[in-house]
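Structure in structure tokens, see below.
Chains: A, B and C, in written order; residue numbering restarts at 1 for each.
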């Protein structure tokens, strides 16, 4: 495994239907990149089908041009109508596959079996972003194919039937950002440590506010996260400044 | 089930020994009302016996006068000496029975069996308000007879051996109300979602402070609660403004 | 059991290699004292061996001079190379043994068996201060030999791979001390209540800041802790002022 993947500090996403943005992913030197077939692509069979082809080509070009880049594809959730076809967008040169909205150990084993059934032995980055996913976090992450996990606060809150106070919704956040997800965010980090996988922290959706990102990242680091999911290239350097040098960086510096 | 009960925003309590206050319960148009034989009635056999008769009559009159009103009775806890006799205060026209201080799935199954033994098929609103109740929250709410649940912060804290910092006790609450119960309150909301039942949020004991109630309700909503337990009619409108229109309201407005 | 031990408000530590400091432990009248062979003694076989002898003598002298004093020895963790030899430092006159970094019920049963194998029936104060220890908190505390537990925030955070925001590290703590360990601290307190053992709250490492200690102690009390681990004699009186009179004090005052 590429050393940056033992504890990735930044995982930068780009829409799986945007060849231009995917080609630019390496510029900010993230520890890993994700070509996203899920949230970033419109929820129609046509859009998903088109994105699969674009993503598959983009992944091959990125790996060819940047052999050390850790390229992931995020497929759609196992219970979505797109899951089976999304597997065709996966190729062996990927560093792994990001699987959103995993809800149980059984779910996760089924995904691993589906990958194996296609001759792919890709490690899984497990998305814990539903009530069931957070409740079963340990069982999901204990599946051997799971090598990383992330906590998704927005989807979790939607599934829970709650609201995000920290987003610019006008509701006071009581002075402490993310307090409404502190329980789930802490639980996932602990379960990840118990399961022995590094966990990636929540997306910061507000862009162009470096101070807010840094506060959020400092929270995630304090709670035990290895790094952050990033949705803008500028978030990569901020993540690296928070989460510090990788073990590989430190070894090289000696 | 009355549509307001699929996700009740307000559950207004009145003492089960006060016919006058129970008769007034519909005025604030809460989604559900509770005639309380537990905390609101003195802890003596005589007071409980008298309240059972008053409550039983009040329930019948409320349902007769307001056929769409969702009327509950809160009985005393399964392990209390009043539980068996309290079952006689229950009648089939109730929307359900509120059972406080449930502590395990087995407890809850025993309550459901006791109700069935009296020919009552009332759904249960489960009170999670002890250390064991919060610890076993999921098992309790997974019992099929449980259709709603509530988290009780005051009783929980007493049972835990802790203190409430948010109450006017003089101890600083560190700027964030209810931080001392954030773990339990979050855990119950998550377990409720996993079990598929709507959860009612904590009582606000300080009256005549609308701003404080609204902050508290916004927290509860953010954490995934469907509505609040109310102990004063003025809290009902505040709850509705926080938790928004019911699915039934929204359907009607179309 | 000495009445102060039913719910100890203060457990004062001294280094197990410092006879002078151990002799002074009773001066601040803590509810219990701990002669520490773990963190307070350098991590070498020689230092540990020397400390065992000093500690064993100190324990005997303390109990002889203060027959009502509750004297504990903290040994090194079960998975450390010092554990087996540390058992030789234990004597029957101790009130109990503090075992750090317990990680499972099986771990804890093995410790109890090791003590029994040496003819010692000392009750255990269980240290929950790793990811596994917090995750398995209930199973550990449900072992009959466990009579108390403590939560250790510093070691927990280190093991988790997180950071402490509240320590003078320069990182903002978002206005709420200890927010980064609120989940684990709350979980341990709840699991302790469910298991029926009193829990001791986190160490305050910053000395000479009484106000900060009192805020920290008020948090711990609110969360259900019985008292605090103390690392300086001045922290004892502050703990007692927060956690109030013991049941024994109250009985005596009548």
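The rule is simple: a contact is a pair of C-beta atoms (placed from the backbone, for glycine too) under 8 Å apart; a residue touches a chain by one contact, two chains touch by 3 or more.
This is a predicted model, so every value here is computed, not measured.
For this assembly, give the contact graph shape among line, ring, star, complete and other.
Graph shape, chains as nodes and touching pairs as edges: complete.
Determine whether chain A and chain B, two copies of the same sequence, contact each other through the same residue numbers or different ones, counting it as same when over half of the numbers at the interface appear on both sides.
different
In angstrom, rounded to a whole number, how far apart do the mean CA points of chain A and chain B lie?
39
At least two other chains touched by the same residue of chain A: list those residues.
Answer for chain A, listing residues that touch two or more other chains: 175-176, 182-183.
Under the definition above, what is the set of chain A residues touching chain C in their complex?
Where chain A meets chain C, its residues are 138, 175-177, 182-183, 186-187, 189-191, 193-194, 215, 218-219, 221-226.
Tell me, which parts of chain C touch chain A in their complex?
131-132, 134-135, 157, 159-165, 171-172, 174-176, 179-180, 182-184
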